[in-house]
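You will see chain A twice below: alongside chain B first, and alongside chain C after that.
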Partner chain A sequence: MGKSWLKRQSLLGYAFIGPNMLGVLLFFVLPAVYSFYLMFTDYTFMNPEIHFVGLDNIRRMLGDDLFYTALRNTVVFLLSVPVSIMLAFLVAAALNKSVYWKKTLRALYFMPYITSGVAVAFVWMLLFQPADGPINGFLRAIGISHPPGWLSTTESSMFAIDIIWIWFMLGYNMIIYLAALQEIPEELVEAARIDGAKPWQIIRSVVWPLVSPTTFLLLITGLIMSIKTFGIIQAITQGGPGSSTTVLSLFIYQNAFRYYEMGYASAISWAMFAIILLFTVLQWIGQKRWVHY
Partner chain B sequence: MENVKSNPSEAAGGAPARRLRLGEVLKPGKVLLTLLMSAFALLMVVPFVWMIGTSFKTPAEVFQYPVKWIPTTLHWEHHIRVWTGPDGFATYYLNSIKISLISTVGAVFLSSLAAYGFARIKFKGREPLFLLYLSMMMVPPQVLFVPKFILFDAIGIYNTHLALILPGMFTIFGVFMMRQFFLSVPGEITEAAFIDGAGHFRIFFRLMLPLAKPAIATLAIIDFSWHWNDYENALVFLLDKNLFTVPLGLQNFIMENTVDYNGMMAAATAGIVPMLAVFLIGQRYIIQGVAGSAVKG
Partner chain C sequence: MRGQSMGQTATGMKKRWGAAVSGLLLASLLGGCVGMGGNQQATGASGEAGEKAEGPVKLTMWGGVPPENGPQQVVDDWNAEHPDIQVEYVRYVNDDDGNLKLDTALSTGQNVDLFVNYAMSNLDKRTKSGVALDMAEFADYDIDKMIGEEAASWKIGDKYYGLPTTRNSTFVALNADALEKAGLPIPQEWTWDEAREYARKLKESGFRYGLVQHMASFSDPLDSAMVADGYTKQDGTSNMDDPLVGKWLETLNAMMKEDASTPPLGEQLTSKMPVENLFLGGDAAMLNIGSWLLRSSNNQKDFPRDFKIAFAPVPRLMENADDYTTSGGVGDMISINAKSAHKEEAWQFLKWYADGGMMPMAPGGRIPASSAADRDEALKQMLGDQAATYDQASLEYVMFGSGIPTFTRELSQEMVDMRAQEYEKYFLGSQTVEQATANMVKQHNAWLKKSK
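The block that comes next holds the complex of A and B.
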C-alpha cells in the first residue's frame, strides 16, 4: 500500500470520472468562464472583434430602466412560489389521510407538472382570451361585467402568468409535501386529537410546524427554479405586451439573441447568478437552523 | 370533521395508533372532503379537457358560451393536418424521441460511472473536483447560452441535433443523485468482491449497476422528461424546421396559424397527450422518483 497504490487509485478514480468530467468541463465550466469574460467585453455576434470594456456593461445594466422593469416583473413572478406552496400544503394535508380515491386525486393534481410547459402555455392563452375566452365567459356569466384583460393588458399580464405557474407547480409541491407528511410521527397527531384539537388546529399547530424544513426547501428551490424559467413565458407573451412580462430570463435572451448584444447579455446573466447565489446562501443558513425541528 | 371517539388510556399506553382509524364505514367528514378535493382537482385538469374538446370542434364552436365540453360532431381534420405534412408532428416526434433517448442513455451511464468514482474511490483532487461540480449547479442556463452558441458555431454543430444531444449527455444533477445512492450501499457488500480479486470496474458493472436499478430508473425518467420538454436549447440551437423537437414544432405551428384555434389545440393535444399517457401508465414510478429526488437532492 505504498505510493504506487495511491497512484493507481487516482488513475482509477479519473477513469471513472473522466468521461463525465470532460463533458462538464466542455459544456459547463468552459462556457461559464467564457461568459464571465464576455461580461467585460463589447462582443456582439455581428462584430467578431472583441474589445475589453471593463465595467461598462455592468454600469449600463444599473442605468437601464428595462433591467429594473425585468427585476420587478421577476419579483411579481416569484410571488407565485409561496402561493403555490401554501395551496400545495393544504391539498397535501387533505389528501394525506382524510380522503377516498387518494391515488387518483394525487395523479390529477400532478398532471400539469409533467406536461410540456410550452404546450399548456398555448392552452392558457386561449382560455384567457379577453373578448370571448371561456374564463371571461364564465366571469361575465356570474355577473362580472368587466373581467380582467389577463394576458392582453400590461397591468394584468404578469398576474395571469402567475396563475398559470401556480397551477403548473402545485402538483410538484404537493408530491414533496405528501412525502414529508409520511415522516410525521402518528403519535403526535393522535395526541393532539385526544387533547381535543380540531382537524384544522392540528394542521395549523402540529403539522405545519413539523413540515417547516420541507416548506423552506420548497421555497428556496422553487424560487431558484422559477427565476430560471423561460419557456412557458416566452411561448405565450415573448415578454409582452410592451415589456410587462419580460422577466430576467427573457431579458437576457432578448439581448443575446434578438439584439445580439452578447457582452451585455452576459452581464445580466451574471446578475441572475448573483440572485441564485443569494438564495443558495439563505438555504445554507436556513438548513443549519432547521436541522432539528 | 373526524368524529373519532378514542380511548385515552389506550393511546397513552402507546398502542398502535392504527386502531383509532375506524374500519370500512364511510365517514361523512371524509366524504365531504373527498368531494371538495375532487372538485378542485377537476379545476386542475379542466384546461386539458377544454383543449381536447376544442381540437374536435368547428371554428364557430370554440368560444361558445356556455362551453361545449363535448362537440356535437368530432372533427378529426385538425388532427390530421397537425400530424401530417412536411412540418408535421410525426417529424417532430421522431426528432424528440431520437434526441431524448440518446441523451438520456448517455447521461444515465456517464453520470453513474462518475458517481461511482466520487462515492467509492479515494483519489487526489476528489473533494475540490466535487466542489466544482457543486458550484456548477448554481450557474443558470442563461449564463451558458451565449458561450455555447459561439462554441457550437465554431465546431460546426450549431443547427444540428448534436447541439442538443452532446451537452444533453452530461448532467450534474445525475451525478449527485447516483452518488447519493452509491454512498448508501454498505461497504461489506463490495468488500467480499474485493477479497475475491474483483477490481472497481467489475464491481461497478456486475454488482453496483444491478443494485442501482431503481435509482437508475428514477434518473432516467427525470432526465428523459427534461429532454422531452426542453424548449430553450432547441430554440437557441436549432434553425431548420425539419430538425425541430415537439415543443419547438408546437410553437412554430402556433406562430403560423395564429387564428386557427382548432388547429392550435390539436397541436397542443399532440404535444401533451402522448406524455400524459406515459404518465398515467408509469405514474407510480414517476411520482416516487420526483419525491425521492427532491428530498435527497
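The block that comes next holds the complex of A and C.
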C-alpha cells in the first residue's frame, strides 16, 4: 500500500518536471552538445559541407586580436557589477527607513529594470550625445570645457555602457537588498547603537556582514547575467565605435549570425562558458572568507 | 477534524490541478512537435499536390521593400491578370536578422519560391548552399542583352544565379537653391578635394553641415579606389594601404575636424544620425546617398522642404576621371529557389516583373533595369507629382548619362566590417592614418591566407 503510494508520488513528481525537462533537453542540452561538436568543425550556416578540423577554431581564436579585445571589453563591462551592487546596498540602506516618499522612491529605482531595453538604449543615446546632449550640456554649464565623448569615442564608450548597465541593474539589486535588510533582527542594530556605534559603523560592521549572503548571490548572478548581456549593447553601439564595445557575447553573435561561422562561434561560446565556470568556482572558494551565513 | 479534511481536499484539488496543467503542457508540447512534423510533410508534399491539383499555383516571394512601397501593388497587378498563378509577397528586413530569417527559411525548405538579394555576399552564400537556381536553365531570356553589360558584376563563376532587376544609382543630392546662392555650379564630375571646398563654402553660407553621408554609401569611395587599383597587389597581398585609401581618410578627417563641414563619425554613428532628415529639413546642403532617397524626398508630408534637389555623381579620389568607377549598376538581384516546386511559374513571374511589372516600385526609387521596360514612364512614375521639385536634367545625368562605369561590392562582409572598425578608430582619433592602413593590411592578409 505504502509502496504504491510512494510510487504514485514519484511518478507524479516526474510528470510535474517532465514537460520542463523535455524543454530543457530539446532547447538546451541538445544544442549545447551539438555546439560542442561544431566547435571542432568548419561548419558555416548555409554551407552543407562540414569538415572536422580538430583544434583549428581554438587556435584561430587564440590568434585573433579581436578575441582579446572582446575579452578586455568584457572585463571592463563586468566592473559595473560590483559597483552596481555597492550603490544598490547604499540606496537600499537609505530607503529601508526614515526617508520621505520611501515607497515612491523604491518604485522609481526599480523602473529601469522593468523598462524595455531598446527604449532604455535610445534614451541613453540621446542623453549621451556629445555635442548637444543634456549630460554634456550640464557638464559644460558647470565649467568643464571638454566633457567626455561618452559613446562616441573608442576610449570612453565601454565606460558609458557601464554607466547605463549600473543604472539598469540598480533597481533589481536594491529590491533584493531591501528584502535582506528586513530580515536583520532589530536587536542587533539596537545593541550596537546602545554600545555607542555611529550609523556608518552600524552599517559597516553589523548590517554589511549580515547581508553578505545576499551580496554573494547578487555577485554570482550579476556576473553571469552581465557576461551574457547582448541586447542592450547591440541596440546602442553594435560593438562600435571601432571594436571598442564588442564584448564576448556580441563577438559570438557577429561570428554566428552575421558571418555564419558557426564552428568558430561555438568555440568562442565554449570559451565563454569556461570563463563563467572559472569565475563561479573562484567565487565559491573565495566566499568562505567574507560570506557569513 | 473538519479543518483537516478541508486541507486534504485542498491538496487533492491542487494535485489534480497540477496534473491537469502538466498534462496540458505536455500535450501542447507534443502537439507542437507533431504540428511541426506535419507541417514539414505538408511542405514536402505541396509540390506534387500542386502539379496534380487543379487549383491555382501559389508562389511566395521574399523581398526587403515594405509592401506598401510598391511590392503589394506589383503582386496585386500580377494576380489580377493571372488567376492560375497567385503570388504572395513576404517582407524581410534587409539586415543581419532579416537575412538570417530568409536563409533559415531557405535552408529548412519552407515555402520560398523567389527571393531578392541586395548584396553580393548574401547571394554568394545562397549560391554555395545550392538554393539559388542557375538561370542557364531558362534559354528564353538573354540577361546580358536585356539588362545590359552591368549585369555581369553579379555573375558568380561566370553564371547568373538570379536576375538583376533595378538600376541602382548612388549620387550626391544637392540643395540646388543653396548652390545657386553660393554661386556654385552643379558638378558633372568632381574630386573629393572639390567636394570638400563645396562643403566648406556651403557651411559658411549658413548650413549646419555642408555634407552629410548615408552610412550605406560612406565607404563606397574606398571600393571605388580598390576597383581601380585592385584589392590585392600583384603578389597577392592586401592593397588596403593604397595611397587613395590614405587620401580618403585624411580628406574626410579634415572635413570633420578642421572644416567642421561634415559630422564627426563618432557622433554620427552613436546618435544614429538621420541624414535624410538633415538634408531634407535644410540643415545639410549636400547628401551622399542613393536612389532610395526618393522614398523620403517624394514624401512632402513627413519631409516638407522648400528647395529644389539637384544631383551630382559621387566625387572621385583619383585625379584621372577615366579611372573612376562608382557604386551602383544594377541591383535587386532576384533568384528562384532551386528547390521550388514551381520554377517555371516563378520564371514567368520574374520575367514579367523585370520587364515592367515592377513599375509600381518606381516611386520608391527603383527604376527597371530591363531594356524592355519604359524608362521615361518609370522616371515619370518615380517623380510623380513632385517632378517640379527636382532638377531633372541632373537627375537623368547621374542615373543614365554620366557614363561612369559602375561596380558591385564583392568584398566579404567580414572585411567590410574590419575596414570599418579601423577607419572608425582613425576618425575617432585613437590611431593614425599609417596605423589604420597597416592594421587593415595585416588583417586583410590574414583573411586572404585563411580563405585560400
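Everything that follows uses one rule, which is that the second predicted complex is superposed on the first by the 261 of 293 C-alpha atoms of A that agree within 3 Å, B and C clash if a C-alpha of one lies under 4 Å from a C-alpha of the other, contacts with A are read in each partner's own complex, and residues count from 1 in each chain.
Rule of thumb we're sticking to: a residue touches a chain if its C-beta (ideal position, glycine included) is under 8 Å from a C-beta of that chain, and two chains touch if they have at least 3 such contacts.
All figures in this text were calculated on a predicted structure; none of them were measured in a lab.
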Partner chain(s) touched by A:Ile114 [first = chain B, second = chain C, both, neither]: first
Touched partner set for A:Leu151, first chain B, second chain C, both or neither: second
Which of chain B and chain C A:Trp101 touches, first, second, both or neither: first
Which of chain B and chain C A:Thr221 touches, first, second, both or neither: first
Chain A residues touched by each partner, larger count belonging to chain B or chain C: B
Contacts of A:Phe52 with chain B and chain C, given as first, second, both or neither: neither
Partner chain(s) touched by A:Pro199 [first = chain B, second = chain C, both, neither]: first
Touched partner set for A:Leu30, first chain B, second chain C, both or neither: first
Partner chain in contact with A:Gly231 - chain B first, chain C second, else both or neither: first
A:Val123 touches, of chain B and chain C: first, second, both or neither? first
Chain C-contacting residues of chain A that also contact chain B: 12, 15-16, 19, 23, 126, 129, 257
Of all residues in chain A, those that touch chain C in their complex: 12, 15-16, 18-19, 22-23, 45-48, 60, 65, 125-126, 128-131, 149-155, 157, 236-237, 240-243, 254, 257-260
Of chain C, residues touching chain A in the complex: 15, 18-19, 22-23, 25-26, 29, 96-97, 100, 103, 106-107, 125-126, 128-131, 264-267, 269-272, 413-414, 417, 420-422, 424-425, 428-430, 443, 450
Residue numbers on chain A that touch chain B, as the complex places them: 6, 9-17, 19-21, 23-24, 26-32, 34-35, 38, 91, 94-95, 98-101, 105-112, 114-120, 122-124, 126-127, 129, 132-134, 137-138, 140-141, 167, 170-172, 175-176, 178-180, 186-187, 190-191, 193-194, 199, 217, 221, 227-228, 230-231, 234-235, 248-249, 252-253, 256-257, 262, 265-266, 269-270, 272-273, 276-277, 280
In the complex, chain B residues that touch chain A: 1-2, 4, 6, 8, 11-12, 14, 17, 20, 29-31, 33-34, 36-38, 40-42, 44-45, 47-48, 50-51, 54, 62-63, 65-67, 110-111, 113-114, 116-118, 121-126, 129, 132-133, 136, 138-151, 166-167, 169-170, 172, 175, 200, 204, 225, 228-229, 231-232, 235-236, 246-247, 250-251, 254, 261, 264-265, 267-268, 271-272, 275-276, 279-280, 283, 286-287, 290-292, 294-295
